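Let me begin by presenting the structure, written as structure tokens, before commenting on it.
In this document, chain identifiers A, B, C and D correspond to the written order of the chains, with residue numbering beginning at 1 in each.
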């Protein structure tokens, strides 16, 4: 096809599309398929002031919090499985008021990405009625008013206009006390850039994710710009033999980056597992800011690229992480 | 509930897991979070309810669970699943009453109040946080939508509190309203499973009471570890875990002691 | 697994779940994967008074219209490809006021099914603003008021509460003339029963659709009861080797019916093509009600089952419809 | 626009298809309905814009189109596609401005008014229908969302009318309002391609005018077949289809004459 060339190096893609202060979302879920090579490149390029949107980005979120890359965060969940009941750099950054945080549920964040993907201003849900989620705003009304990149409300509770007042037998005008049924409207998220990591892509940008897709597809379609890092770049047409397994068409994609092991130290289904030894070590190493800074200096900025990081962080142990072809994860890794 | 007559040495965590597993039947769709919740769901399938369908908010439905996952996104939730779906689709199964009414959800929290409202977000004031927890994740969605919610809590006075610092997930009376007034369809938590006993909620007052105390525990000890007035007058002793159940839990569900440790 | 047995004969499934006067939706799109065996069984059992919800059911819709099975119809599109620019029995039934019709767009009908699937009362869209679709209601306010199975409104146009009034620089209170941005809310559809046809299912009800799924998945999840007719019933676990290709979990399914060629005379991707000769003949045969009645008497009620219908309607020609394994359709069929 | 110098005998339908195909570039995402719209989209790919992506509301994206589909649900739209999606996802690509702005949509209709508003629903009064058409399908969605809409219409007085019986799909001024006032983001129809010439819309008055008449046609003949006052003063003669374009259309795009017949 005569599409423009979308193949980028990682550093070029991050430099072109991840601008300081921009709104960003990253794919994956806790310890699986986070675009970690891209996260590290953001830290390497010292891009700051980011507004991150996350449903449950464990490792990627925590490293962006530790590195001071993010100023604002819309989030549903910040644990990382058994390796961090609450992500520790996130926890510290919140306690020290280094990031503004606004809380949602996982469904709500997924719906907000979906609204963006669908070109809608909002999505409805019954979730969070009766809780503090509708009442406690991370970004105040003044900030929202002055910053046009923020929705004017955290969310809006309205009466469902389709609610049928009264019982089927009674006439509704006889039930003036029936106040209807509340429902929550959540504002869409349209990130300036989304970065996801996939098992395969082709030069036109067609994306194939193996295993669970989480909210990656909605995050990808919602974004103004989309970077896809992938384990393997396949020939044009190679993915067309099974279109049902391709989730994102090329016309949504701005940059395709070939990045083997791009999700490490998180897992990539069918390719490799998460690295429990690294995640345990990371948890101990980065409990204070000095610890994180030492880690970032030596392991991220001290390495030219992701291959260098993996060599340093994992070395020969990486062999034990390789996925068993039947199950999609490692049968050898010590957890 | 199974009557496991025989007894043997077991840990409080094992008793908690077995207690939750006993509440799950073959007809249930079980939804769970990370850690002990996940262990309980998998144990239920191994011990009491092989026909139960376990599904995760990450989108994996009825996976083989040949090895214990350590996060809901663990690739071990994907292997041999009946179907995959997106996050939106996974939570939509809860919000849709046809499926939501059949879901048993298992979650944990940092704080619980007498009405079963839960806090898994933070301690302090919003904007001036003293301690931060992971946040709702899918807990609020679950507590809002499904008919049967089981809550795992360690029994500590700072966790069982009169007043939450943040109401993350609605119980039987969120913010002093009934669930119906708040606009919530489903019921509040069915049970709170602690390391010393099991609490339930009075259908009239919507308040927590002690339903079962674990063998070797005195109800007054439980009462003293709760930060509000807990009715223990209705409590009876729980059956200890049966030998067979324990054996399956230890040898099949978590042989590597990844969560039972 | 110890799930209850979901395997039904077609006649038993239709008899148990498709009650006279119930609200129904059927899967497929124009001339592809309509559950035609089930449609014929509805006609055979003389079930009437149905309220049908369709985005673009060509052949299935037209036969239900011709047979007088439906009283009400929410619809987006009623053509059948080259074989019927407008489905002819539908056209006649509308002209003769035999069915009440309410018009939506294809996106809108798909969104309404999605709302039902998601347990939401409505879904928003910008589609149909400025057209007659919001204004012309097929079911009047009185009918809606007296019949609790109908939504109280066809749709509702509201102001988007997240619309940011004024430019980013100006203060919104200075723009009192800015009236906001309209958006349309569409009521959910929760059919009493949905019937879809799939390539494969297992005894627990796990469903695999090959090729495009159209809105089948949303229609299936939105329904109170779900009947799946399938080309092949596979062994338990056989579909678990590729969970990414299974769209509906067993807990959504009430009845699994093994029905080879159950979509004929519409196509079933990877299995068989639509039958142009039959569709052309049907178009000529059923231009008037007598013609349809003769067709239904001889081809549908005159045959005990779908195999009998296919034998009569297609006979040996069926061989030419069988799908080429590479392309998924017939390379031999004369169109 | 390609300048196909050479000419030869061709039908009005071929001229319509080639006229639409000429308007499509390699950067476009082309969305089309059944029949001549589909033929035009496939012809564009074969003749002028091999890099264009053709997609269907049924959910097939960039299929091989090795054989001409006869409906948007035809299995021939599925073979060798780059990706499949659901109906909701397909239309969401239109509603989302990032992709919607790049989509060229091709549709037909039963009636059109001077502002390019379209009727594909019915003649008569709603509830007392004299003639019924298929309904919107995806036409209204397309006309609401995407920036470039091409309309195919046979030139007949009963089709080009001052006032529609039903407004199915919005043009440049739906119901006397501007699109912006109506809440519609994208532009009205870019062109109306008939069997005698091509109409466009004045950017100021939003009214239809004759832009091109086909070789052998007199503009006044077109004017006489339109049920409202059509400005033909700006019209110039269209280039006839080139020999090569015609040859590809006849031998590659529709060799079986399924639509060209």
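Simple rule for what comes next: a contact is a pair of C-beta atoms (placed from the backbone, for glycine too) under 8 Å apart; a residue touches a chain by one contact, two chains touch by 3 or more.
This one's a predicted model, so the numbers in the text were calculated from it and none came from an experiment.
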item	value
Pair of chains joined by more contacts [C-beta pairs], A-D or A-B	A-B
Cα-centroid distance, chain A relative to chain B, in whole angstrom	27
Chain A-chain C separation of Cα centroids, rounded to whole Å	35
Centre-of-Cα separation between chain D and chain A, whole angstrom	39
Inter-centroid spacing, chain D versus chain B (mean Cα positions, whole Å)	57
Multi-partner residues of chain D (each touching 2 or more other chains)	60, 78, 80, 84, 88, 94-95, 145
Per-residue overlap in chain C, given as positions that touch at least 2 other chains	119-120, 125-126, 181, 183, 211, 244
Overall pattern in which the protein chains touch one another (line/ring/star/complete/other)	other
Every chain pair in contact, whichever chains are involved	A-B, A-C, A-D, B-C, C-D
Chain B contact footprint on chain A (complex, rising order)	28-33, 55-56, 58, 75-83, 85-87, 90-91, 94-95, 97, 103-108, 110-111, 114, 125-133, 136, 138, 181-183, 211-215, 217-218, 267, 269-270, 273-274, 323, 326-329, 331, 335
Chain C-touching residues of chain D, taken from the complex the two chains share	34-35, 57-60, 66-67, 70-80, 84, 86-88, 91, 94-95, 121-122, 126-141, 144-145, 166-170, 174-175, 177, 179, 182-185, 256, 258-259
Parts of chain C lying in touch with chain A, wherever the complex brings them together	119-126, 145, 148, 151-153, 156, 158, 160-164, 168, 171-172, 181, 183, 185, 187-188, 210-211, 244-245
Residues of chain C touching chain B in the complex	1-3, 116-120, 204, 206, 221-224, 237, 239-241, 243-244, 246-252
Of chain B, residues touching chain C in the complex	26, 29, 50-51, 53, 55, 60-64, 78, 80-84, 88, 92-100, 102, 145
